[in-house]
Each structure stands twice: as C-alpha cells, then as structure tokens.
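These are the structures, in structure tokens.
Each of the two complexes below includes subunit A, the first together with subunit B, the second together with subunit C.
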Partner chain A sequence: MTQRAPAWQRYGDSLALLAGLVVLWWLLSRWAGEEALTGPAETLARARELLQSRRFHGHATESLTALGYALLLAALGGLGLGTWLGVRRLAGQVAEPILVALYALPKITLYPVILLIFGLGLPAKVAFGAIHGVIPVTIFTLNAVRTIRPVYLKVARSLRLTPWQAFRTVWLPAALPEIVSGQRVGFALTLLGVLIGEMFASQRGVGFVLINAIGLNDVPTIMAAAFLLAVFAATVSAILLKIDRALHRRTARA
Partner chain B sequence: MTRAGWIRIAIVLGAIAALEVVTQAGLVSRHTIIPPTAMAAALWGLIGSGEIMPDITKTLSNVAAAFVLSAGGGFVLGLLIHAAPRLRRALDPLLATYYAVPFFVFYPLLIVIFGMSDLPIIVIGFLFGVVAMIIATLNGLDRVPRVALKVARLSRMDPVSIALLIKFPAATPYLFTGVKLAVAYSFIGVIASEFILSGAGLGFAISYAYNNFDTPRMYALMLFILVSVTAVNMVLHTIEQRMLRRRGLAR
Partner chain C sequence: MAGPGTRAGAAHAVLRGVTRIFPPADRGQAPVHALGPVDLDLARGEFFGVVGPSGCGKSTLLEILAGLSAPTEGSVTFEDTEVRGSPPDGVGVVFQEDASFPWLSVWDNVAFGLRRAGIDSAETARRVDHALGFMGLTGFARAYPAQLSGGMRQRVCIARTLVLQPRLILLDEPFGALDQQTRLLMGDELLRLWRDTGATVLLITHALDEAAMLSDRIGVMSARPGRFIDMVATGWPRDRDSTIVSDAAFGEITARLWSSLRAESLKALGAVP
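Coming up: the complex of A and B.
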C-alpha cells in the first residue's frame, strides 16, 4: 500500500461494494424465482424468526459450545506445539512438511474415524473442529517463533534477562502479530470443522438445522441460517483482522 | 536427503508400524480401526475389481475442473483487481473474511441454478479455491519490480503482453503458492460436498461405507484419498523447489 486513503473513502467503498452484492443477490432471486433463491428481505425476516424461536436457540447454543471447546483446544494446543517446534530447530524442520501435508488433506474423509473413536455427540464435533484449527495455528506459531530476529534474542541475552522476562518482553511481542494471524485462520477452519461435523451424523446444532433444511428443500431456512452464519463468521473474523493489522503495523513501525 | 528428511520418514513409518502393532494385538477394536496392511489389501481388492473406478474418475475429474477454473479465474480476477486499487481496498475486508463462511450450504441453491449434475460440486470447489488464488496473485503483483514495469512502458508494450511477459513471470513464485492452495482447496471442496450432499464420487463412497458399517472399504477409500492427495502435493513441492532453486531462492 502506498498511502492510506481517507477513512470515509475506505469505509464508503466497502459499503458500496456490499450494497452492490445485495442488489446482485436481489436480482438473482428475481431471476431464479422465490422458491429457488430467497431474496434479501425475506431472508432477513426468516433470520429474525429463527433468532426469536426457542428451538433455534438450543441449536445455536450447542454449536457455540462445540465451537468454544474446539477453539480452546486448537488455540492452546497449536500455540504450545508451535512454540515447541519453533524453539527446537530440528523438530521444526522434521514436523513442518508433515503439518503442511496434513493441512492440504480433505480432513472430512477422516470424520468417520473420529465418529468411531468418540461416538456420536459433542466430543466428536469438538475433536473434528479442533483438528481443523490446530494445524494452521501450529504452522503460523512455528514460523512466528522461528523468524524472531536473532538480534532481539542476543539483546535479551546480553541484558541477562531471566527466561520469564525474556519471554514477556522479547519473545511474545516479537511473535504476537503472526500468532494472531494464525489464530484468525484457525478460527475460520475450526468453525468449518464444527459445522461439517454437525451436518453429518448429528441431531443438534446449526449444521443440523442446515442439513435438515436442505433435506426438506426449505430454501428460506437455508438462506437465513447461512446468512446468520456468514454474519457471525465475518464479524469475529473482522475483529481478529483489526487486531491483527494493528499489531503488524506496530511491529513494522518499531 | 537431509537429516531432517530421514527423521521424518522414520517418524511416518514408525507411526504406521505402531498402528499395525496396536490393531493386530487387538488393543483397538477392529470396528474402529483396521491394520494398515488390511487397508492396503482392501484397497488393492477394490482397484483390482474395478468397482470404484467410476467414483475415482468422477472425483478426480471434478477436482481437476475445479482446480483449472479456480487457478485460471483467480489469476485473471487478481490481475483485474490489482489494476483497480480502490476496488481492491474495498474488497480487502471481504477477501480476508471469505474463508470463514462455509459454502456447502449453498449446494441446494447451486442445484437449482445449474441443475442436477457435476456442475454444482465443481462450482463449490471453484469457490473454495479461487480466493486463495486471487490473494496469491495480488501478493505476487505487489512484488513485481518497478523497474521491469518501467522497461515495459518504455518499450510501449500493450497491457496483454505486459501481463504475459512481465507480470506473470515476475510473480510466479507467489502464484505457485496460490496454485498449491487452489489444488488443496479444490480437493477439500469437491470431496466434502460429495461426502455430505452428493450421491456419487469418492466422498460419497466413504460416507456410504461408513453408514453400512463396511469398515475395510471405508479405510481403503480413505487410504486412496490420502495417498493421492499427498502424491499430488509432493509433486507440486518438487516443482516449486526446482523453480526456486533456478531463481536462487531455494530454502
């Protein structure tokens, strides 16, 4: 980026683009017909209905619980594993290609194994979500720790910082921006994993609502649930992106 | 081969051997996991009888179509978006949050639009892969040396030959990252949609075997997917390393 445009222009352009997408959606729904593709207004109305119904609350709570546990496992597990692999150079060299290969695998093929191990229910969803999220978090953390500039570590050593001081004042601030980027990717994939887990062999959760609506060809519910999911995912992701960019900018200035 | 490479092979082989021992000794139920040798034997039988060939062809051709569309489309879209900085700034937050939205949910709508064929699945694979390619293209174009563009302007090249002769080669390493992601995402998108929603293909065959408690068949199909995806990735990795070495950028 050469220079930053004024804020009103940046937000204005993004809003105009969103408005354009909504108009496109409206046109498509006019063209394909209401029963094939629900328009924006009807989708919003159905989404409001869903949000107010007690049944949907149960499903949403179930999904959020699974997502919460899975995120916790993925974030902490990835952070721990990534830090260890980043500090131990040889272990990192051994593990990185394996991790990258695992990242590219369609993990859904392994879902039946997880179902056989954990049984039907919450633990399987949590495990599946966590498996999706933990790999990118590990890869990003590994690279963050590995690429800390050696001069920082030398300064820490020559100032004779205790390990805790070095971690708090040198390692953490230096690696944090990349770690946050990893958590952002991890969040998106964990959500995807939990949803796929709910769509296959499950009786509860937003994924189940979706697959049920797909089976009944209940287009308004599909659109409304997809819309709510997209809004939720985009909001969390946007907040993480904001933190991510702020941290990166701070590091670039320093 | 480096020391890390040997250790890596040892770890992978050790893990397979451990799984074999644990399952053969009966520490894990045969209904949960079968020994790797049994998986390989089942896969050999399936391929030998030829009964999964239609599924294999279908899945692989869908993945190939999704990949070609997303890599090609992503490159062209990336070029266009890069040429319009204001559009790019506006798109930026959308691109960054794109992968948080699960696309499978649009499968029924795609069926309505494209009909009951392979097309909806290819479109899902395309939607998965294209944004990774767009982002990689933008990254690559940002790093085209200024001086190369100035030379192009001085020799009055037209936009198409600038794209083909200057921008494309200069951005290749970054484009290759996008290509690798597009392959991975095409596989994930196609197989996941088959798994959850479709009635044919390898993904469907796995979920069908799972629902019928046909564990050996399920593991055989999983093994096939794991091996073929890993093989594709290794080939891409080798090509990438060779390319980077030629440019003196190898790690």
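Coming up: the complex of A and C.
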C-alpha cells in the first residue's frame, strides 16, 4: 500500500490551491473591471443576499427537486441496466458501443424532442438530467460487473450459494468501488443536464436565475449563482470521491 | 478395469474416463483436448498429490472433481453420488489465485460460507475462532486482506474452506505465490489439519519436493492432454512433518518424480525430448 501523506499536508495543499484561485479571481476582476467580472468579496455578499431571499429559495427548491428525481432515475436505472448488461455478456457486448456513441452525442440536440414529449416544467428537466446521468452510470456499472475477478465467482459456486446470495454477497460488493465511481460521474452530469434544462425553456430553478441574470447583464447575480452552484457541486463530489477512494483503497492489493 | 490411478479399498471419490475437450476459441481452430481420459480412485482420508508440466490440465481436473465444470466424457463420483457440473456438499476448494474477499475483514471472510449456509451465530463464532487460531490468524481477525501478506491471505482462504468441515479438500497450487520457507511451514500446517480433520486431500502443485513431502501417493501427469503416467506411493507415516525432507527416501521420491516428468516438461515447452 502506498503511504498516504499526513493530514496537515493534504489539507494544507488543498487550502493553498483554494487561496491561489481566490487571488487569481481577484486579480482578474481587477484587470477586467467590476462590471465585467465581480470580485470575490462582492460575489460573496450577493450570494448571501440570494440565500436569504425567499424568491431564490423557491428556485433552489425547484432545482433540488428536479435533481433529486433525475438522480434517482439515473442512479437506479443505470445500476439496473448496467448490472443486467454486465451479467449477460452478449447483450453487454452489443450494447456497449451503442452506449458509448450515445455518451458522445451532445444531448442538447435531444432537448426539443424531450420538451415535445414532457412539455415545459419539472418532468422535462428531470428527463433531461436523467439522460445525461444514466449513460455513464450504466457504462461504469457494466464494466464493474464484467471485470469481477472470475475466482470470486468460482468461490461463490463452490460454496453452493443460491443465485440471490451470490449476487448480494459476492457480485455486488466486488463491483461496488467501480459502481460508486460511476455514480460520481453520473452525479456531475445529471446536475449539468438539469441546469441546462432550466436555462432553456424554463421559468424556474437556479439555471433560470442564471440565464435571467445573463439577459439583464446582472453580473453580480451571475457570479453569485455560479459560485453557489460550484460550492454545491464540489461538496457533493468531494463526499462521493471520499467514499470512492475509501472503497478502492480497501480493495487494493499489496 | 484397473488403470494406473485406481486402487482397491473404500473409494471416497472416483473418476472414470474423465476427459475434457474445450471447443475452439475461433472458427478454423481445432478443439483443445485438455485432459484425459483419467481414471482415479481417492481413498477416504488419503493425501493425494498431483504434479505435471504446466498447462497439462491439472486445474481442469480439479474443477471437474469440484463440480465447477462438467467433463466432456466420463464420470465423477463423490461419496457414491455422481457429480455433474454442480458442486457437491462436503467438497471444499482452495484456489491458486488469492480469493479472499477484500471487502470483508479476515473474520468475516472466514465466516462467509457458514453464514450463507445458515449456521447459527454461536456455532459460526466457535468455528471461525478455532480456524483462525489454527491458521495463526487470531491477531488479524479485524484486519482486511489488503493489509495482509500473500501467504496470510491464502491462509484466510484455507480457513474459509476449513470451517465448513469439508470431507474432501481440493487445493490448486495454494502455495504457488509463496517463498520456499513459508511453503514448508504451510505444508506442515496442511499436514496437521489433514491429520486432525481426517479429510481426504487432493493437492495440485508444481513443486516436486512439496508433493514428495506431503503426499501419501503422487500422480504424475503427462503433457497435454493430461493423463496419469506414474503413481508414486511415498509410504510416509501419518504423523509426518517437513523434517522428512532430510530422509533418504525423500530424495529418491523426488528423483523418481523428476525422471517421470522430465520428458513431459520438455514436451510442454515445445521441445523434442
């Protein structure tokens, strides 16, 4: 096992990086002018205002609701589909290139179709978020199941496990680290999908707040909304990454 | 009909005309005749060693005996019941690769089979603690496999198989990845558990000295397709240990194994003997 750096060093490096980014941001806003790029202090002040306003709460709740449903669909759908395709070797071989092609497709081209099907409102955003997230989750899960070491499955058979026992106690835990990696990528893309969905053809949500501020050239609000989104996404990602790393570290072989 | 591998007495497991032919991987290729025909009688409580050149079908033989794959031809009988492609009760397998589950602690790894078999928790705890003690793993019960050496992980796998109290234990080069000293010590432990449990053991190994030291009887396999070309009875007492390597007979047995195997090993390498 590789030696991990001591805690003060790991957090110290992260803090130094963060401080560097804030300084860069401040310098850029100085150089471009406050009306083109709001500086860190003003952005923070505007973000506090937004967080305290009732209107923004409504938009944030709308976005979180859409994200919640979209994540549920993407995570569970991708998990189910990926597991099935991983177990059925032939189906997996047929489906994988199709999935990879779909992954590369700019999903925004499908948005008009989704709007036609679901209309304006929450369902369209949920669907758009889910189609962003479900494909990477499926691909990761498929590969996670397919690359389980064959000897684990031999052990399961030689211990005469029932198919359900084998799935629950061998297949699933063996594939879990890669599945969590997939969920991490899936989360980032689902969030992207929901926000894009809100930026076009929507009257509610943080994505709408952002596009509306762009229309009004309200730079502090643009920066504050972007800042809040970045903090939210980074926090969730960091938590998932921590779980991901812990699982992978435990599985790593000396 | 008594082939070179058959022996009179109470047979625990019987192989008759066992053959395995793998279908071609690609069109235009010939099917691969991996094994057999093989006849073998394992006496109850016997320690049987199998040696042979690499790729001779030793592991295929073990998988067929374990019920993990079905023979193309021939039959396998364990305790008077035919085994056909599904693992019978009472057979434990230890694989060549490290098969410990990295997501479970050592204790939970060893308890794995017992829990799935629905053994109650008090009995599970009793058997797991005993097996851990026996394998010298008591201090590592809460550790995860990633924290252990290769030899200790293999001991975890052996313990996981042992706690189920199999009557036939199949080991596929379990010490292949270990250094020589550790292998000698593991060999002692294996002999001890064989004596204590009274189980029948089939051990596949590529190390001739290991086979010579541990086995009551050693089957020497030919290059592919694997068949038994020699059977060597060692005549060791039941309470033997690794000190018999200094016995004169040990050298004679190892020499005989090598003289039977030399030509076959050359064949397996693709050279003309």
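General remarks:
One rule holds in what follows: the second predicted complex is superposed on the first by the 249 of 254 C-alpha atoms of A that agree within 3 Å, B and C clash if a C-alpha of one lies under 4 Å from a C-alpha of the other, contacts with A are read in each partner's own complex, and residues count from 1 in each chain.
Everything below uses one rule, namely that a contact is a pair of C-beta atoms (placed from the backbone, for glycine too) under 8 Å apart; a residue touches a chain by one contact, two chains touch by 3 or more.
Keep in mind it's a predicted model, so treat the numbers as computed, not measured.
Residue contacts after overlaying the shared chain place A:130 against neither subunit B nor subunit C.
Shared-chain residue A:60: touches no atom of subunit B or subunit C. With both structures placed on the common chain, the touch criterion links A:157 to subunit C but leaves subunit B unconnected. Look at A:112: by the touch rule set out above, it reaches subunit B but stays clear of subunit C. Of the two partner chains placed by the overlay, only subunit C lies in contact with A:165; subunit B stays clear of it. In the superposition on chain A, contact is made by A:173 with subunit C only, not with subunit B. When the two structures are aligned on the shared chain, A:139 is found in touch with neither subunit B nor subunit C.
More residues of subunit A lie in contact with B than with the other chain of the pair subunit B and subunit C.
Across the two superposed structures, the residue set of subunit A contacted by subunit B and also by subunit C is empty. Partner subunit B is touched in their complex by these residues of subunit A: 5, 9-10, 13-14, 16-17, 32, 36-37, 90, 93-95, 97-98, 100-101, 103-113, 115-117, 185, 187-189, 191-192, 195-196, 199-200, 210-211, 214, 217, 219, 222-223, 225-226, 229-230, 233-234, 236-238, 241. Only residues 1, 149, 151-152, 154-155, 157-161, 165, 169-170, 173-174, 176, 249-254 of subunit A touch subunit C when the two sit together in their complex. Contact residues on subunit B toward subunit A in their complex (touch as defined above): 2-4, 7-8, 11-12, 31-33, 86-87, 89-94, 96-97, 99-102, 104-109, 112-113, 180, 183-184, 187-188, 191-192, 195-197, 203, 206-207, 210, 215, 218, 221-222, 225-226, 229-230, 233, 237. Within the complex formed with subunit A, the residues of subunit C that make contact are 66-68, 87, 89, 91-93, 95, 97-99, 101-104, 112-113, 116-117, 144-150, 164.
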